[in-house]
Every structure is written in structure tokens, then in C-alpha cells.
Amino acid sequence: MTKIGLVGLGYWGPNLARVLNQSRVCDFVACCDLDAKKMEQTVRQYPTVQPMGNLDALLDSDVDAVVIATPISTHYELARKALEAGKHVMVEKPLAHESALARDLVLLAEQKERELFTGHTFIYSPPVQKVKQLIDAGELGDLHYISLSRVNLGLYQKDVDVVWDLAVHDISILLYWLGESPIRGASFGRACVQRNKRDVAFLWLEFPSGVIVSNEVSWLSPQKMRRTCIVGSQKMVVYDDTSPDEKIRIYDKGVDWHQPQTFGEFQLSYRTGDMVAPYLDNSEPLLREVECFVRCIEKGEKGMTSGDFGAKVVEALELLQASPLDVSEVTVATGEVTPR
Amino acid sequence: MTKIGLVGLGYWGPNLARVLNQSRVCDFVACCDLDAKKMEQTVRQYPTVQPMGNLDALLDSDVDAVVIATPISTHYELARKALEAGKHVMVEKPLAHESALARDLVLLAEQKERELFTGHTFIYSPPVQKVKQLIDAGELGDLHYISLSRVNLGLYQKDVDVVWDLAVHDISILLYWLGESPIRGASFGRACVQRNKRDVAFLWLEFPSGVIVSNEVSWLSPQKMRRTCIVGSQKMVVYDDTSPDEKIRIYDKGVDWHQPQTFGEFQLSYRTGDMVAPYLDNSEPLLREVECFVRCIEKGEKGMTSGDFGAKVVEALELLQASPLDVSEVTVATGEVTPR
Amino acid sequence: MTKIGLVGLGYWGPNLARVLNQSRVCDFVACCDLDAKKMEQTVRQYPTVQPMGNLDALLDSDVDAVVIATPISTHYELARKALEAGKHVMVEKPLAHESALARDLVLLAEQKERELFTGHTFIYSPPVQKVKQLIDAGELGDLHYISLSRVNLGLYQKDVDVVWDLAVHDISILLYWLGESPIRGASFGRACVQRNKRDVAFLWLEFPSGVIVSNEVSWLSPQKMRRTCIVGSQKMVVYDDTSPDEKIRIYDKGVDWHQPQTFGEFQLSYRTGDMVAPYLDNSEPLLREVECFVRCIEKGEKGMTSGDFGAKVVEALELLQASPLDVSEVTVATGEVTPR
Amino acid sequence: MTKIGLVGLGYWGPNLARVLNQSRVCDFVACCDLDAKKMEQTVRQYPTVQPMGNLDALLDSDVDAVVIATPISTHYELARKALEAGKHVMVEKPLAHESALARDLVLLAEQKERELFTGHTFIYSPPVQKVKQLIDAGELGDLHYISLSRVNLGLYQKDVDVVWDLAVHDISILLYWLGESPIRGASFGRACVQRNKRDVAFLWLEFPSGVIVSNEVSWLSPQKMRRTCIVGSQKMVVYDDTSPDEKIRIYDKGVDWHQPQTFGEFQLSYRTGDMVAPYLDNSEPLLREVECFVRCIEKGEKGMTSGDFGAKVVEALELLQASPLDVSEVTVATGEVTPR
């Protein structure tokens, strides 16, 4: 069975530890963190896991694969070392803080013939997969636009702004659903509470197939929203991740356009049918993600959230920053963004 | 009592007829429409109203004021004639289809010393006025950003796109709340059903005080939303116009930022208190609007939705179109927008 | 075409006047009310309707049918006179204030070979009819129980308590759905605001097929609820009349019980499938009701809400009062019910 | 520090183990269960806890107090033994399966001068305590009625019906809020899935102060509801335990009744003001409950959910069964209740 070591036991690491321990397709054998206390807690909870004093010790051990859940700015360095040591690697999202570095990891993994995997957990969640099935089956018709809101109060991150913290989820979901990367992007945001760190941003994306996307992300919002609306020419879907029972709602609604037959004016008709909230199984996405990683190692396949997929997400995030349409620096210039 | 004539009995006109008849501060004495049938219906319902064969006949009569509810492209011409005939004029929103023409009307009204008024009804609705009070009283603190969604399935307009149909409401509300005009704007949309007529658009606005705004408008959405979120440094408000009982919800929430005291890192704390949904009276905005127009005539004052206010709304709509940040034409260029 | 006269222009009468005027299957020719002002208003709005000084004048005219929308205590007397004058009669719900009187009207209508009809409007509403179809088609399986809440703040009635005002709707719906009358009933309530007039009541009913029912009605509740939950062995339905778009929600949920195969314990399994909110047309129930009345007259048939149906509703209301299980008088006895 | 042993590691026991381990006011030192595997799991997770082969071994140890979380029918026997061994005892709800046995335990605890405590966790939840404060402060005015719904699909219990499983929560909450025991009760239910075990029931209660109560409990319902509506003469409260952020909503609503001044009719006016959803802290009720138990032991005081309180809850449950108004046996008699 694949032996796995976990690097990083901070905010997200304990969740990974739990599913690595729970899974029956791999052995969770080692962990490592700069904070000795966190290692101690982990080992107490999972007595068969061996604590490692540092990454080198972990890489020298007989683990087959390494899961990296450290701060984003360290992803590249740690993943590179693990790949060079011949380990399979899963990196928490985003794969790296620059797309060039992400691409470098993808290349290295190919050279070393090792699996490189990114922890985009939402791709393994039943509602996100349900929408993918609906799109691929053509049930929604041609996609017109997608509007996504991911807002709540907090949780401010230390090393990234709200786009790299929250929009990274939405962008991974979009790339998965559409199977293509955006050709244009723009962002508009504001650093309201801390200098130079945007806590609210509005993003626009345009995809080759013509789909346009608006994405609202905020750490500064009174109501929690995890709402995505997908509008197709045949059906429309609302994916609300805060709903306990009806995360997916499929609307048989649309507008039909009739060419004028004679000289007349265009004619529109509105179509309204049933709404269906399909049953979704409630298996845990994180467990499915980790087990997908293990299966990919065993079969030598690429998973849905391969390194290449992870690199594309980072490229889209950079597109949002680099675009000439980006007006986010304006808010910095006005001097309005000083912390209050 | 001020004698009023109504021009245009199409989609919106009958609502104006109803409140003109209901109000006790004015006399609804005459009406006029190209469609004789509609005049007949109106006169049957309000027997004291005199039908006029055309605008000239109406302007020759002794009406003091004219209310214009015709297609947008005719607003300028009709309002100009009415002002030149010495009548006070109320024009349905938007005041004109170009800002230069709107400004021309404002100037003419000043020269003629007549009241020019715009029918931005939302400004007279209790929830919109409640938010204005909260902002002016400083209860929300400094305003960070505002996010507005106005989406539903239909109702497609013939002579304007979704921005001029729906965003005109949101922009009037923003100008009223903030008391300033945007300095930057951009729009991103798509013509999904009909060629060259956008049925979905995402708008960005930046105001001199630093407030940034995102506005989503769509005729092509499965759920009706009329949701506005106003985020201030002290409190946050959600204004949901689809809620029967709780249109305004005031959240005592925020994030406080503490300067590092020594070398340390910044510190944030989240503040959460009560939520209050204040009682709002349910007087009809349209009646209040019409009576405000009459009072302005009587007192020689400018109302909240004066011609100048209406012109500013048109200027903001143009800013959204003219801005170099506008990418809406891109979607036209891709050929993806042909009607399906 | 059937000529109809309307008696009673108070709270509900104007709604009947509107649909009688709107319908193309009958002629609304006359009206009558003790209040001359109300007749004047009606005639102004519907100029072809003739005002009648009193009921006798109306009955002497050539109207074929009479619609009665007067206070409940007058229903019997007015309906009897109209039947004796040879008119077809539709009476607002409830048919009479005592079941013996209701039965008397049914008998008289049979003798006179005239249509007697009751205005139980909910029976003509699309969601109520949808549930009836689901039950009759066996889609819900065996019915276990039904729980209904009809509560809000106000509107206090002058001549009846909350049971006769609100539960009359729920009972008519139950009789229509189940096609049977209750064999047992009990009520439990309290007169909170006014002496001897219950403004909140909880009702229990048991039907021959075994279905049990709980019905909560209140004039004194902070949130408006119009919620009915129907639990069958195959599917479950929630009918929420306050929902703008999803009045009916059909849940493919249930519990299956497995007989122990050997010595073992019973085994239960929970079944959860899709939820469907079917599209419902939005035709007006009151118009459909009036047109059903007219069609019944023309064809000599009994409608869904015939006099016999109306009498059964009154019998069920009496069962709730007369049952030995009724504890409502207890609250009177405690002296707790004095108005505060 | 008080040393505590836990008896019963089945459905609820692990939650108690977690908080006993988490709390800093007591020592979780021992556990005991018939299932050796469950003890093993517990000890692995909490290495300092000693597994005991049976209750006698536990009672012979130096634990000061015992927490009992075994099937209901065993509560009395186990609690009696523990009290006789001189231990303080906390018993999961309900205290016993008969009120006489519950009273016997209360008496024994007094004789032995030991703390007897019942695990009615809801009494320690912030929203339930908030309502208690509002009632005691008189903010709601005189209480008129309370309506409670506690329904969902499953979870069927083996040894009790839905009343003893779910209504036990509502009754404990009512006794806590009102500070009095019901003088009348009736229940109406049906055994839909299994013979002789009611899975849906409707309960009525009347309290000495005049408050009437309706309580709906069901294991067979498509939507989860945990909704309680408290109607007072001054204010009304809705306590919705399924709401993530607004469990308590306080409505400034009411009906005022004016005595007729002359001969005239009564006059009612409806009062509508703001709605407030107060901030509630999110401390864990189960931890607060356990720590209350420990404090009561240390100070020799009676807690809110003392043995006496627990006995009163059992008495109210019996009242619901024994009352002449109970019609639940009727459904058995009709033969309609055979499992399908």
C-alpha cells in the first residue's frame, strides 16, 4: 500500500491527517512540521504515524508520496525537493505562487516520472461533479454565462489576498466545468481593512467558447454566500453550497428567440418548467481527493487535479492580475485604502 | 390644484394614471396616446379625464404639468416641446437616451423657470430611503463597497438593452445614497439571445469617496434577485427588495484592524452583534413620487429626482459604455452572440 | 349566456365582481348591497351592471343565478330565498353557520332542481389540484398524516372565530384531497385577545382511511405561514402557499421497514431521492371557480364544490366543536381569556 | 478536581467523552461499556482514561461522579447503584422510563446527599437561555401560546417512540421557560412504519398560568424543522434551531384590544415594529452542561437540570400518555398501524 507522509500541520493539515488515517487505500506513516507541538498532537491522535524532524528526514524515509500543506510561498521549494527525491507529490492549492514555478514543477514531475497532484478539493465534491455531468451531457445547452459569489466575514489570510484565497476555488471549478482556460480577465477590488491586501474583489473572465464569467469574492460581507448560477440556452442551474439539502437546483427555464417570419418584429417566448434538486451523495470530497491521488500513483494516470490542472489555475489567477483591464491599483493610488 | 396631463398609456402609463387619480394634491385632467383604444380604456376608468388627440392639443390646454411615459427615444423631443409650451414636466426614467440631450432639457427648464423632474421611483421607496438615512447618520461608518444584483427571467425590452432597462434603477439608487457621481466605470456583458442587445451585464463603478461598486443585471436568470449589500466600516446592510417583510437587514458586523504595537504582526478582530430588520412603512413609492413632483411645482423647489439628478444618471450610464475598460464589444466580435 | 347577480359588496364581493366582469362565459348584470355607496362604486367600475335596491328586486329580475357574499350568519336565509325564487345559487364559504341549515339548502336545491355551489376557492388553485392528482395517481403511496399551519398576524373577523375563518380553508382542502369526511375530531384553543373568540386553535382529525391530521390556525403569529406537509409511504409533499415560485415540492423520501428474516431485529432503511418542484400554471382560482359554477349550471352537473361538499365542510367544523375531545372550553373556564 | 467516570459509549457517549476530556474543571478518569471494542476506541483516543470491566469496578474506584449514557430502560437501575455507592450521578435524558422511578432516584440522592443531575442539554444552549431571559424580564408580556415543531426523516430509536425521543427535548425547554408543570395534556399520534411505535405525534399541553402549547414531533417528515414560536401579549419570538445565524428572532408585534368607549363595537389595532435577531455566543451546550454538573457537586447546589427537574419532565411525558384526552390508542385499535 502507498506510504504517505504529510508536511505541514497548520490550518488545513489536520484535515488531511484525518482522511489519510481514515482511508483504506494508503498508509499514513509520517508527518513533519516546524512546530514540534503540532507534531506531538498529531502523533498522539494517530499513534502509528512517525514524526520527522525535518523535510530531509521525511524524504530519506521509505514514504512513496508526500502531501504538502504549508504556506503558499513555500509550495514550490518543498514540492521541488520532494520530486527530486523521487517522491510522488500532492500540493495544496494553489500549486505555486507564480505560474512559471508551477510549470517548472509540472516539467520536473514528467522528467522524474512521478505523480504531481494539486489539492483542489471542490473538484471532488458531489455538487460540482453533478454540474460537470449536466454540462457534458448537453443538458444545459450552450452556456451563456456564469456568476459566482463567495463571500463571508473573515477569515483573513496572512500571505495572500482574497483573490488567491477564495477565487482560487471558483477558478478551479470553472476550468473543470468548461475544460478550457480563459482568454481574457480583469479584476476590480479594494483593500478596505489592511494596506495593499484586497479583501473584496470583482473578477471578469471570458472563455474561448464565449462564456463570460463574473466572480465576487469578499472577506467582508454580512451574509455568507457560496452561490453559483450557470445559465445555458436550455436549462439553468443554481449551485448553493450553503444549502444543507439542495445544493443543486436545475431549472427548466429559458428564452426562445424566433426570427421574424415576414417583415415583423423579432419574437421572444419565455419557457418555464419544473425545478429539480437532484439527490447528491454526501461522501467527503477531501477523502475522495486523497484516494484519487493514490489511485493515480498506482495506475500511473493523471488525475482531474493533476499538476497541469493546478498550473492552469495559477495562470488564470495571473491573467486576472496582469490584464490591462485591471483597475485594482487605482484604489491603492487614491490613498483610500489605508487601514482604519 | 395643479392640473396634470399624462402622455403615454403603454406599459407604465396605467400605473401613473392610477396614482394621479388617487392623489388628493393634484387634478388628473387629460391624457394622450397614439393608440386610441388605450385612451378609451383610460377615460372609461377615470371619467373626469379628457382624452387629447395629440400632444399639441394637450399642451394647448390649461394643464400646468405634463407626465411623459413614452418610449425612451422620444423622451427628449416630447419633454422639450412641453417645456417650451411653459409646462412643468416629469419624464419617466431615464430622462433621455443621451446625456447631452438630458443636459439640454435641464438648461431649458432653468430658462423657462419650469420644474423638470425624473421618474426614478425607487428613490421614493421606504427601504431605499432607510439606507440613505443610515448612511447620512454615519451609522455604517466609512463605506467600503456596494454589490447589487438585479436579475430575473425576462422582461426583454424592445428599444434598450439590459443596462438601460435595469441598471438605471441601481445607478439612481447609488447616486442618491452616495451624493456623488462615479469617476470610473466599466461594463462586461453579452448578447445571449438577440444580436447586439446585451441581456446580461456586469458593471463596475468607482466613486470619488473611494467606494467601489459591482452591479449585476440580467434578463436571463433562473431566480429573481433584487439584492444589494452595502458594506461599511461600522455596519453592513443587506437590502433585499424581494423579501415581503424584511427588505432591510442591518448587521452590526465588522473587522477591526490593530496596528502592530511593537515589531509584531498586524492583528485583526471580527466584530459580530445583533441584526435588526427595521419596520418600514408601506406607502406606495409611485404615489410619493408624483406628490413630490406636485409639491416641487407649488414651492418652486428641486426634488430629489430633479432633471439634474436624472441627467447625472444618464451620464453614469454613458460612462459605463464609453470607458476604455468596457469589454462588451469583444463579445460581439467573437461572433458568439448570434441569436440561437 | 348565464346572467348573474351579485349580493354583498363588502370585503370579498369586489373580487367576485372583478372576475364576474372578466369572465367570458357569463354576464354580470346586477348587484345589490345594503350600502348604497358600495353599489355606486361597483356600477361606476362596471357600467353595464344594474344596481338593485334589495334582494327581492334582484330575485324578481331575469338573472339566472345569484352569488352570495354576505356575512356568514345571513348565508342560509339569503340562499333559501334565492333557491325558492328558482335561481341557481353560489354561496361564499362556509355554506351556512350550522350543518342542519346547510343540509336544508342542499335538499331545497334538489327539490327545485337548481345548482347549489359553495365558494371554496382553494379547491380551484393549481397547487391544491396538483396534490390531488398526486394522491389519486398513487404517487404518494398510502397516506400517513397531514400537518397544516395557517397563521399570521390578523385579520380578526367580527362574526366568527379563527377556526371558522381559517380552518374552513384547510378542511375544504382535506375533504377534497381525501374524498372522505373525518370520523373523529378535537380542538384545543385559546381566546387571547377578545373574550370568547378563539384567535389560536390546534385541531386534530382522524379519517376513515387512517390518515391523521393536525391543523394549526392563528390570527396571532409573527410570521405568516401557509404550510401543509403531506406524508405518504412512497413520497412526501410540502405545499407552501407563501412561496412565489415553488408552492409544491415533491420529495422522493421514505422509510422502508423490513420484517426480521430470522430471529433478528426489525430493520429500517431511509430512502432519499430527488426533490421536484413542478411547474404550476398561474390561472386565477376565483375565476376558475366562477366559471365552474357557470358550466355546472349549463350542463346540470355537480361541481367539485357543490352544496353537498359545502355541507360536509360545515359538518367537519361542527365535529371539531362537538367532540368530547374538545378542550377549548377549558380555557374559558380558567378565566385566563379576558381581553388584556 | 472532580474525577468522573463515563458509563455507556454508544450513540451519545462519545460526545460526552469528548467534552469530559476537553473540560478543565474535571478529570475524565474512567469509562465502562459492555462492548469491549468501544472501550478500546475510547482509551486510544483518551489515553489517560482507564477502562473498567463493569459498573461495579467503576463504582469501586475513586471516581467522585458517574455520567450515565446507556439505553433509557437501564437508567434507573444504574443510577440507583451509583448513588448507593456514594457517587454523584448525571443521567442522560430522560431520567427514567417511569416517573415513580425518577422520584425514587431524587429521594435517594437526597438521603445520600449526593448530586443527581439530568442531561437535558438544550437548557444550556444560548438560544434557549435567551428566550428564558426575555420571558423573565417581561419583554414578551403575558404568554399566550407556544407552538413547537421538531420533525425530520429518521432517526428511529429502538427502545422508545417519537414522543420519548423528541418531545422530551421540547418538554424540558417548556418547563425551563415557564417554571411550572402542565396541568393537562393530550396526545394524538400514529404508528406509521412499525407496529405500536408512534413515529408521528401531536401533543397539547395546558399550564397553570394559562399558556397553551402544541408540539409536533415526527421521525417521518421531508424537511427538517426545529421551530418554536412563542407568542406573548407584548412581543413574539421565533426560535429556529436550524438557522445558522439567526436562531432567535424577536418580533415587536401584537394586537391591542380597546374596550368599546360608548355603545360601539370593540376595536382592534395591529402593532408592528422592528425585528431583532440578537447575537448569541456559540459556546457548546454539552460542555456547559457537564461543567454545571461539576460546579453543583463542588458547591453542593442544585443545577438547572437537577434530578427534580428531570423527574418533572418524565411526569409531563406520562401526563401526555395517561390523559383521558389521549387518542393515540385509537389508531392502534383501527388496525391501520400495521407496518407496510
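Note that the chains take the letters A, B, C and D in the order they are written out, and that residue 1 is the start of every chain.
By definition in this document, a residue touches a chain if its C-beta (ideal position, glycine included) is under 8 Å from a C-beta of that chain, and two chains touch if they have at least 3 such contacts.
Computed from a predicted model, the values in this text were never measured in an experiment.
**Q** Quick one: how many steps at least from chain B to chain D, stepping chain to touching chain?
**A** Each step joins two touching chains, and the minimum needed here is 1.
**Q** Averaging each chain's C-alpha atoms to get its centre, pick out the one most distant from chain D.
**A** B
**Q** For chain A and chain C, what's the span in angstrom between their mean Cα positions?
**A** Comparing mean C-alpha positions, chain C is 53 Å from chain A.
**Q** So what's the Cα centroid distance for chain A and chain B, whole Å?
**A** Their C-alpha centroids are separated by 38 Å.
**Q** Please work out the Cα centroid separation of chain B and chain C, and write it as a whole number of Å.
**A** Computed from C-alpha means, the inter-chain centre distance equals 42 Å.
**Q** Multi-chain contacts in chain B: which residues touch at least two other chains?
**A** 223, 245, 272
**Q** In their shared complex, at which residues does chain A touch chain B?
**A** My answer: residues 142, 144-145, 147, 153-154, 156, 158, 184, 186, 188-190, 192-194, 199-200, 202, 204, 206, 209-210, 212, 214, 216, 218-223, 229, 231, 233, 236-238, 249, 251, 253, 255, 257, 259, 265-266, 268, 270, 272, 325, 327, 330-331, 334, 336-337, 339-340.
**Q** Could you pull out which chain D residues touch chain B in their complex?
**A** Touch list, chain D to chain B: 245-246, 252, 272-279.
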